Structure formats: structure tokens, C-alpha cells
Amino acid sequence: SDSAGSGSDSVETVTIGSVHPLSGSLAGVGGLMNDGAKMAVEDINAAGGIESLGGAQLELLDGDSQGEAQVGQSEAQRLISDGAVALVGTYQSDVTQNVASVAERSDVPFVIDVAVDDKILEQGYKNTFRIQPDASSMGQAGAQALVAMGEETGEPIDSAAYIHIEGAFGDSVFAAFKEEAEKQGITITKEITYSGSNFSDATTQVSEALAGNPDIIAVTGYYPDNLLVAKAVGSMANDTKAVFGIASGAFDDTSFPAAAGDAGTEVLSANYHYSATSDRAADIRARFEEKYGKPMETASMLSYQAVEVIAEGLEESGSDDPEELRDAIAGLSLEDPLLAFDGPIEFGEDGQNENATVIVMQVLDGKVEQVFPQEFATAELVFPTGSGN
Amino acid sequence: MAITEAPAAPAADKRNPLTAGGTRITLTIGGIAVVGLALVYLLGDREPALITQYLVSGLLLGGVYALVSLGLTLIFGVLGIVNFAQGAMLTLSMYLVYVLQSSLGLNLYVAVVLTIPLLFGFGWLVQSMLLNRLTEDASHDRPLLVTLGLSLLIVNVLLMIFGGRPKSVDAPVSGSIEILGALADTQRIIAFGGAVLVAAALTLVLRKTSMGLAIRAVAANGTGASLVGVNVRRVYAMTFGLGAASVAVAGGLITPFTTLVPTAGEQFTTLAFVIVVLGGLGSIPGALVGGVFIGVLQTVGSLYLPGSGSLILVFGIFVLILFLRPQGLFGAKQ
Amino acid sequence: MSLLTLDGVSKSFGGLKALGETTLEIPEHEFFGIIGPNGAGKTTLFSVLAGQLAPSSGQMMFDGVDITGWSADKTAAQGLVRTFQLMRPFESMTVLENVTIASHNKFRSPHKARDHAAAVVERVGLDSYMYAMSGTLPTAGLKRLELARALALEPRMILLDEVLAGLVPTERAPIIDLLRSIHADGVTVMFVEHIMAAVMALSERLLVMHEGRELALGLPEEVIANQQVIDAYLGEDYS
Amino acid sequence: MILELDAVSAGYRRLEILHELTLGVQEGEIVSIIGANGAGKTTTLRAVAGLISTSKGSISFKGEPVHNTRPDKLVRSGLVHVSQDRALFGNLQVLENLTMGAYTQPRNTIASSLEQVFDLFPILKERRAQRADTMSGGQQQMLAIGRALMARPACLTLDEPSIGLAPNLVAQVLDAITRIRDTGVTVLIVEQNASQALAISDRAYVMESGAIVLEGTGSELADSAEVRKAYLGM
Amino acid sequence: MTATDAPAAPQAPKLRPANGAKRQYTFLLIVIAALFFVPYILPDSAQPVAVRTLIFAIMAVGWNLMSGFGGMFSFGHAVFFGVGAYTDAYLLTAFGVSPWLSMIIGAVLAAGVGLTIAYFCLRYKLAGSYFALATFAFAQMFYLLSQNLGFLNKTDGINVPLLPEESWAMLQFDQDSKFYFWIPLVILGLAMAVTIYFAHSRAGQFAQAIRDDATAAESLGIKVMKYRLITVAMSCAITAVAGAYYSQYYLFVGPEQAFGIHVSTDAIIPAVIGGIGTIWGPLIGAAVVGPLSELIAHLLRNPPEFLEFLQGTSGLDVAVYAALLIVIVIFLPKGIYGTIRERMRK
């Protein structure tokens, strides 16, 4: 690809490629993410574009991975040869993997908005960055949050049963959780796995989890299956203190409270999340919802953020040369993140955002509220929850 | 229709395979199941209460599987079509229920009843517009590709209309009851009942109506049927329509406990094939028993093989049965 | 010395004994006819001999070799070849290709196999259909094709299952002549037929089967005079 | 004429087999078609039965044009075909096959039709609970004819009903056909056993390469030197 | 008695003299030579699609051997593709084995797996849809197994590490290198050559005879199981090479990419669309199907004015693709090549 810019400051448009699953089973979230990225581009352009490039306008080219790794890869290649100087994407770990290799070979920076697998950044690729926390740090942070919440409410947690999806995502979140939890004195009474591709009833998994009388049931997985888990817990007599999602695809989704009904009440979720206490985030969400008629989920906010990261990189480097852009992103410190993070967005050696972290949400009054830590809280934590009945 | 090369036994099953009860087979499967479960209870090294919960959940899951498979067994058994759009049709019916409920504010079960004729019509159209010619050519690769295309088409059109965000419906009943200390979700019990009802209704249609007679005749010999005055194309369309109508019941009854996205039904397609072949092509009781059998096998199996492990077991048993009893549990030998 | 010997050979399908214990000796170069009512077990006998079906009991010797339980391809390679009552052409192939398939088993060289096949096709009188797709042949052509494929294997003994059925009388004559010439070449022939004129003209010995068993065996004239044969098979017109 | 073919052309895909073929059958007749293998006899009956479409010409039944009409509609109007391969419902019982034959008839007539068929072929009554595909060749042929009769045809077309049958059965079947005709059914029959067929026929056609070359009464043709030489092998 | 005019004599059957394999080899050479220049014509952005199309074509050629020429309809070719893909990725990452060698090892392994599966399916006389479903079930088992096997990294899949330099031995080039196109092109050429050779060989003729009528073939002395298995082994081996190349080109393989249902259908669709059981069918089919979804997506991204309103509707491109697929299957019953050939013959 020879479309990389010259580095002069007479550029008119800078192209960013966005690869997300716009069709297939993940089309729902993929579409939201694409819209998030689009809106970021529009906002930046409306605010005068990239100043250091003489007010250059951003342009977003979108690619549809269809949820398949090889399609994602060829879409990424297409976008780069059509002039993209940076990529954002892609939601799925395997697709992200392939896009990361394209980015590396083409020397184009790639900012991962969502993709959880630790492994992606373990390849030693220098062009790939990730904003969200990775799987193992979420597991670890989840355990820490749990302990802290227990201490704060005076309801110490001694044991947990863990239900998670099979595969890299679930396994690594669980492993990190377990390590940290055991360090903190929490026993894991049971690890129960299920297959994500064929899961239409969670009663057995939940009853197995409840059999050990754990203080809490921890859950990691995607939307449909976690919804099933919540419903199953809701239907069974138990005296656990809480259902606690860690990197759960469902529990902090805006559609979850309605879908789960009573079973969703007071369910907790430790996850990366848009910052509900940030006015900037609130403004973006409001405009998003008005524009697209759909609530802006966290994943979508991450795509927005990823475009901002690239824009900031362009601003810093004053060049649309991908390699200079890459260096600028690597050295970035982006204040006022839209996500509830522990500080500015800064990438470590491996490209991971070092200040990425999870916060705890809870379903209260049919809404997802941020409850922990205190600095991000929008509502009062209820713990132990009513799920023990 | 696909026929194995296995030599035929004389007068194997004098009854008609579409509705044959297969008492002996039922007893055999029942026996194996009871012995297997007894072994699990005695030697399984798990708490009995837990096993009971798995068993009950497995039975109820089996009911769902059976519901989805009942329509397929007609389509596969009579028309010989490997219908890859089964899962997509299931999703379609779920969205129809959703639309009826959210736009007209109908009670869920009323919506389900209204969906039945809609899907019947859909099935009728699909068969008469897309598949009839291929069915007559007795080709099996082309219908397979057409239904594959159809499945993609349905899923993506749903995506275009409804987007990919999860939807949900309100159910008038909820909660659960206790059976032998195990918890059984009311909606799933209703779905199970639905499966039995649909099976009974289909059996009645096949046994007692002249259309049922015609369907059986077409299944036995298409040309022969046309030579006694059966409008074969109409029977094809009717059969696909009936298959689709059963799918409507399935979709409607599982909607309350399923996350409604355009790909929601997909996970059932594969297992439905396993169940239909297991039960015997075109056998209504076979689909029912096969569904329950697979549901229990998968669920109880997951006590020892968690996650996808129990599915390997399911496919393993499937292949074994294909080898040892290719006509399926309830199929008469060809 | 007998070419083919059956000793107590039988075949059952489930509970049905399609072929009862049969003992039979066919000397080299005999022209041996079989008749019998529908369902008597004639085709079953052929299938057992040719290896399509494994016998339920008994022993079969061909050319001094025990062929009991042999598969069809092995039996054919040994020189015992059958044709089918319901014709089974390889429909995606031309007539010549059909026959070449068989002659490939005799000749490794593709050219030799082809030339041999072409000669056989001519011999059975299908030369004008040489390159026609076999699926479009009329009945008479298919019957000849069945014969041609069997002949291309240069068998020692050939089992013909109703090669004349479905042929109009005028079509029968050339096939009957062909069978005679095959026999004259030294091939032992065993055939099943319902067309009595041909049966009488061709058979040196005639076996009548009934419900899987031998009802009569002997010279054709003797056999058709047998009252039991008339009752079970021929009907009053022949009495 | 209850059945009339006028300059009918038909065939398979692009291959035309029948070339402007013309023939007719009077009510209450047995008419047979004889001819060489591949002459197109089966094709003719299949065109009449609606199993293949015609490209030219017309077929009329009871005065109505019926070419390119679906087989099931023809059955309803009384034109019933027994195909060469019998097309029985193999995994259904004999009785079910027969009942199915009366698919187009009012239910209350089934019993009396059955009685007639059983009269004609007592063996079917005896074996009514047997699966069709386990019956012997001749029995299956009787079942096929019996099933056709259940539809109470005005006109019955039969394709080689005696093929592969033992000599005594050939006689039986042909005899049955005469008796069927005697009940008022018109019969159009294709037969290899030309001499026996001609013996029971009122009229007959000789077919060659997809067209009619000779027609006459059964005995005329049976006596014709030309026919004897060409088709009877005498 | 009336005599009608004797009709015209039956037309003599059309002759179809043997057309040796030579003409087909020549044609193949011309086609491959012409395709050689494709990377010079295509824009960079289309090259990945071209490579993907070639991979489809190789799979389809492999599938067609077993299912088209051999008549054993496989609905589980993902098994062989996946075995090839994983063999490559695993041997490379675990032992640093060169992909060229892995292709051969993968092919041999896949042939072995194919032989085992086919042997049992054939032994138990599965045919038609039953055979298809059995192979499908095996593919599902492999899929589930690969998700559960630790040495294959479970659901994580295996990454092929990126090399700093181009390397022929390790089959890695610059992202836009034309070799990424030419190598599968040569593999495709070889696979086609194998098909042509096989179709005309004694073994291939036997296989086709068995497909048409196994009982008749056996009674003519053909060892049915042997020739069926030969066909299966070749088919699986070719498909595995496609899989190995996949791992090298995409540098990543996981259970879904290796054994997913869509992999099996990717092998079937081009062959059926092009013409099943024909030599050129899979090639033509792949050439049509491979770029189809891309073309539709392209059209919808930059729609002509009257279609402007469709822009950005997610799912539309796949829906259009699906509709076209249905139409092609229904209206070209013998596939594109099969239909053309039939027209020409008549």
C-alpha cells in the first residue's frame, strides 16, 4: 500500500478503517460499534478536524468481518489498500488476531476497541494497542472488587462458585480470578463450564453451582447464556449473597434488566464500562441515542474512544504517516477517558492500556447503575442482594 | 428420498413408519435409559438430588429439541430435503410472535396460535416456489444448498428489519414448580406439553385425514401417488407447510426463555438432524423420543463431560446408531 | 469334471428361506436353463453364486476352487460373471466406456482395454450406439450392454438373468443366436428365463425351482411334461 | 372415441421420441399397441397419463383436451394408468395400497370397489395385510392393476402388465384384463407378448420409431404376414 | 387394416469419440497461465479476495473428487481442511517444521482420517443423505474435539508467528506479495491436473462406475471398497493442502476456521454451482462464488444512485448473496459448466 501520507501538513482527509461484525450472529453489537466510531469521526470533524494537520478531516471506511476471521483479515487489507492509516476493531478475539497480523505486516497502527483475549498482545506486535482491560486483568480486578465490597459492607465473602463459558475468554478470566481470590482467602467451591455454541438451559449448571452453598455465584460469558444463568438463579431457592458477573456480556447491558425481569434485580457486574459519571460520556450517549435510536452500549463507547485515540495520535504526530502515528499513539497520555478507568489512557510496552480497569455495576430499579468503587458510583450498592430468597 | 443400501428384511414392520408406535423399540430404549440412569444414580458418585435435577432439566430440554425436530422429520422424511433453514424458520416464528405481541399487545399464547397459519403459509410458498422442482428430481445436494441460502436469507432479512440487538417477550406465566426435589421451569413444561401436543396432532393428521393418507403415499412412492390421483406438488407444499407450522409452535413456546436475536434458532438445526435420523426419518414418535433421548443424554452426560464434552458424546452416539441401525430407532427398514 | 458345484447352498432373509438347500453340479460347457414361478428364488441363487449375497449355508466350488463367501469382484475375477435382471448401466458413461470398465479388468493397457471393449460392443451388435450415453439406450440395447460387459471379462461361466425379458420376439432371435455363439466359444452358460420358446431351444438341461427348492431337473422335454411343473409354472396352456 | 391422440409429439428433454402420433380408442374396447423395443410405446402411455408433457398435437379424453394435464387430474376424470414399474407403495400393506387407489372416490364406495378387485384377484384378499414390496412379481402386478381399478376408471392404460411373469401368470393377467373390459372399462394396453395381446384385443396399432405404421383389428394383425414376421417372430 | 406412412428412420446417435486427457491438460495450462497475470490487473484491495477464491477452488476440487466423481456426498470436508490447517500450524509452532513439509504431512494425515471415516461409513453401507449426515457428524466431533484439546490451544487456536523477513522455506512473504496468489494457483493447477489424470485413469473410471452403480461394478470384478477409498484419500489430501495454505496465509487457525460448518459448505457450494462431477465445474464455481459476496458488498458500499437508500443496511449484502445462491441452484440444475456442456452436446 502506497497510500500512506507524506507527513506534510497539507493533508485534507485522513482515513481510518473500522472492522466490525456487521452481519452474522454478532451484528447487533457490531453495528453499534461501527456507529460509535462513525459518530466519533463526525464529532471530531465538527470540532475542526486535526489541528496539527491543518484541520484535516477524518474519514471512516467500514469493513464487515461477518464474524469470521478470514473475512476480517481481507477487509482489513482492503481498508489499508484503500488508504486507511489506522484501524479500529473488532470485538471478537479471533478476528482481532487476524487483523492485528495485517496491521503488523502493513505497519499500520491498530487500536483494539473490544477484544478480550490476553493472547492478542502476546505476539509482540508493535502496531497493536488495546483500550479495554484484558481477560486476566478483569478476572483479577473482579476478585479484588469483590473483596473490597465485602469489606466495605461488612459482609465478608468466603466462597464462590464460578460458571463460565468454555474457551479462552472464560478460561483466562476464571484463572486470573481464582488466583487472586485464593490469595485473598476466598475458596472456589466449584468451576462449571458450558459450551457457548449450544446452550439453551442453565438450570443444571446453576443447581450444581448452588450445591456447594457458595457465598456468591460468579459468571463469565456472553449475553444469551448469562441471561439464562441469571434467570435460572432467580428461579431457584438459594441463599447466596449475590450473582456477580465478571466480564459478563449481559449483566450491564441496557437491555438486560427488561429481559431478565425479576431475575435481574440487583445482579452485580464487574466489567469495563463507559463512565456514567462523566458529563462528556453522558452527552455523547444522549446524542448517540437520538441519532441512531438505540442506547449506546459500552462497546460502542469504546469504538468512539478508539477513534479519539487515533485522532489524538494524529494531533501529536502532526503527520498521517502510519509509522509516525504509531509512535505517537504509543507515547500517548489521553486524559478524560470516556470509560471508567483508573486514569488517562496510556499504552504499555505490549500495547495494553495500563490504566484500564473494571468497575462494578448493579441492576437497580430496572436500570444498570455504577455502584463501586465510590468515585464512579451513581447509586448505592445493595449487598448482599435479594437474590437469596 | 435417501435410502441406504442395506438389504431389506421381509415384513419387518408391517405398520406405516410415519406413525408407527414401535412398542418394542420404545421398551428397549426405555430399558436402556432406565438402566443407564440407575447406573448413574448408583455408581455415578454424584448427589442423587443433583442427578434428579439434571434428569428433569434434560427431559425438559429434550422437549424443546423434540418440538424443533417434529417439523423437520416430516420435511426430511417425506420430501427428503435436508432442511438447513429449520433453525432460521424457528427464529422467524419467534420474531413473528415478538411482532404480534409488541405491536398488537397480544397474549403470548394467542400470538403463538396466530403464528401457526403464518408459518404454514410461508412453508407452503417456499416449497412450491423454490423446492418443488428439485424435490421431483430427487436431488439431495441442490435442496440442501437452497435451504442453506434460505437460512442465510431469513437471518439477514431479520437482521435488516430488527437489527441485532436482543429482544424479549413477556410471558403470561413464569416461575417454576418442583418435581422430586428438582426445579422445573413452567415455561419449559409448557413447551414440553406443546411437543406432545404437536406430535399427537401430526399423528392424527397423518392417520386420520385423507391428506395424511396422501402424505404417506407420496412418501412411499411419488409417481404411484400421482397415479392414484394425488396432487403430488400440493402434498409437497402441504408437508413443508405442516413442518413449518410445527416450527411455529416450537418458536413460539421457546421464545420466553430464549434471547431473541436473528441467529437464535441456529443452534438447534444441527441437533434436530441428529434427532430426526436417530428417531427414524419421517417418524413422529421417533422425533419425540429422539428429542427427549438427546436432551437427557446431553444434560446428564454433562455431569461427567462438562461444556462441549457431552456434545461429543451426542455425536458419537449418533454415528454409532447410524452404523448399527441406519433406519433409526423407529424407522422401518427400507 | 464339473465346473460348478453347489453343496447344500441356501439363503434366508430374516425368517424367509428364499433359497432352500440346493445341491447341483454343472459340467464344463453346459447350457443350463432355470425356470420357476416368480419369487421362486432364481435371482437369489444367482446373487449367491456371484457373491452379491453370502449363502446362509452350504459350499460352492468353481473350477476346483472353494468360492463360498467370496465377494462379487473376486468371483468375477475368477471367471464367474452374472448379468442383472433389471439392467444396471453406468449411466454417466457411453456404451463403449461401460464395456471398457469391464475389459480394464482383463487388460492393464488402456488402449488394449479399449480395443477389446470395442470388439465386444461390435460383437453384441451395439456398434451403432458405441458412443451413445448408456442411459438413453432402449431396452434391447440395455440388454445387449449387460451382455457385452459380462463378455468383456472373458468369463469361464456366465449367469444370465432374464436377458430376453422385455424384448419383442424379433429382438429375441439375434440375442439367442449370440448366446449360442458365446456358448460355442466354450463358455458355460446358466440362464434364467420365462420365455419358454427360448428356454426349450437353448437348454441342455433344465431346472425348475419352486419356493426356493428344486421341483424338477432334467431334459427340457421331460421337465415340461411334469404335471407339478405345469401346475406351478406353465399353466394349462402347456398341458 | 373416448381417448384420442392427434398428431402428438413428445419426448424427454430435447429428445423427441413420438413424432406426430395419432391413435384412438373407442369406449369399451381393448386396444393394444405393439412394436419394437424403443419404438416409443411406453412414452405414448406416459404422455397419455400426464407423466410427460407433449410438445405438439393434442390428446383428448371424453372429448376434452387433456394433454399436459397433471396425472392426478386425469385420474379424477377417469383415466388411470398402470406404469411399467408398477409404482406401488412398497412399505404400505396390500389393503392400504388398494384403499389409496380409491383416493379420488367417495369413501362409501371403497367397500364395493374392494369387493370387485378381490373377486378378480382373490390372492390380494388373502394377502391383504402383507407389505407390498414383499409380494412376488406377479402378485405385485395384480396389486398394481387392482389399485388402478379402485379408482373406478373409465379408461385403463397398462404398460406391459405381463413383463417378467411366469407363463401361467401371463395367461391369468391377460384373462383378468378381458374381464375388466367386460365390466365396461376401456383398456389401452402395451404388450410384448404380442400374439397373446392381439388375441384379446378388439383393435391394435403397430408402432415404429415413434409413429403408428399399421392398425387393424386384433385378428387382422395377428394374421398379417408382415406383423407375424416383424413382431411375432414367426 | 390400414397402413400409415412409415416414419423417418431413427436418427443415428450422436457420436462422442474419446477426447483424450491431452486437450484438457492443454486447456488447464492455458487457464493457469492466464490466471498468472491476475495480480497485475487486480487492485491491491482485491488480492485477498482472489487468494480466498483460490483456496475455495482447491477445496472444491478436492471435494468434487470424492463427492462428484466418487458419488460419496461429503458434508464434512471441514475435517480434512482442518486437519491440514492444524497440522501446519501445530508443526510450525511446536517444532518449526517448514509449511511445505507440513502440507505433505497434513495431506497424508487427512487422507488417513478420511480413509478411516469413509471405511466405516461404507462398511455400514451409508449412502446418500445418511452418508452426508455421518460425515457432518464427524466434522462436528472434530470441531468439538479441537475446542477441547490442550495441545491445539483449545478455543484459542494457533497463531503462526510473523517472521521479520520474507522466507520461502517458511512460506511467508510481504503482505501484498504476489506469491501469496501464485502459490495457491500452482497448487490449484496441480489439483486440477490430478483430477484430469484421475478422471481418465483406470482407477478413476472404476470410481465413476462405482458411483453410477456399485453392485454392477462389483459384479464386473471391481474392488468397490478399494477404489472408493482411493478416491476419498485423494480428495482429503487435496483439501488438506488448502487447509495448510490457509494457516500460512491467515497466520491463524482456530476451531471455527478449521472445522466450522461453513468450511464444509465453502467446499460444496463452488462445486455444486459450477457443476458437480465435472472437471471444470469447481473452478468455474469458485470463480463465480468466491468474489460474489465481495462484489455485492462493494456494490452496496458504493451504490448507484437509485439504490442509495440501501447503503449501510447491515445484512443486506449477505441476503443478496443468499438470494443469488438460491436462484443459481434452482435455475442451473447441472451447475454452470454442466449446463453449458449439455447445451453444446445437443
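Going by the order they are written in, the chains are A, B, C, D and E; count residues from 1 in each one.
By our rule, a residue touches a chain if its C-beta (ideal position, glycine included) is under 8 Å from a C-beta of that chain, and two chains touch if they have at least 3 such contacts.
Since we're looking at a predicted model, the values are computed, not measured.
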In contact with subunit A and with subunit E at once: which chains are those? Just list them. B
Looking across all chain pairs, point out the one with the most C-beta pairs in contact. B-E
Of all the other chains, whose mean CA position lies farthest from subunit D? A
Cα centroid separation between subunit B and subunit E, in whole Å? 31
Mind checking the centre-to-centre distance between subunit B and subunit D? Centres are C-alpha means, answer in whole Å. 42
Based only on mean CA positions, could you tell me how far subunit A sits from subunit D in angstrom? 75
Check each residue of subunit B and list the ones that touch at least two other chains. 8, 10-11, 156, 159, 163-164, 262, 307-308, 311
Multi-chain contact residues (two or more partners), subunit E: 144, 147, 314-315, 318
Could you list which residues of subunit A touch at least two other chains? 23-24, 27, 30-31, 166, 195
Which residues of subunit B touch subunit A in their complex? 47, 50, 53-54, 57-58, 60-61, 64, 156, 159, 163-168, 174-176, 182-183, 185, 188, 254, 257-259, 261-264, 266-268, 271, 299, 302-303, 306-308, 311
Spell out the residues on subunit E that touch subunit B in their complex, using ranges where they run on. 73, 75, 120-121, 123-130, 132-134, 136-138, 140-141, 144-145, 147-148, 214, 261, 265, 268-269, 272, 276, 313-316, 318-319, 321-323, 325-326, 329-330, 333
Taking the touch rule as given, give the residues of subunit C at its contact with subunit E in the complex, in rising order. 50-52, 71-73, 76-77, 81-82, 84, 88-94, 96-98, 100-102, 104-105, 108, 110, 113-114, 128-133, 136, 149-150, 153
What part of subunit A is in contact with subunit E in the complex they form? 1, 22-24, 27, 30-31, 64, 66, 68-70, 73-74, 77-79, 81-82, 94, 97-98, 101-102, 104-106, 117, 119, 123, 125, 166-169, 171, 195
Touching subunit B in the complex: which residues of subunit D? 49, 51, 70-73, 75-76, 80-83, 86-93, 96, 99-104, 129-131, 133-134, 147-148, 150-151
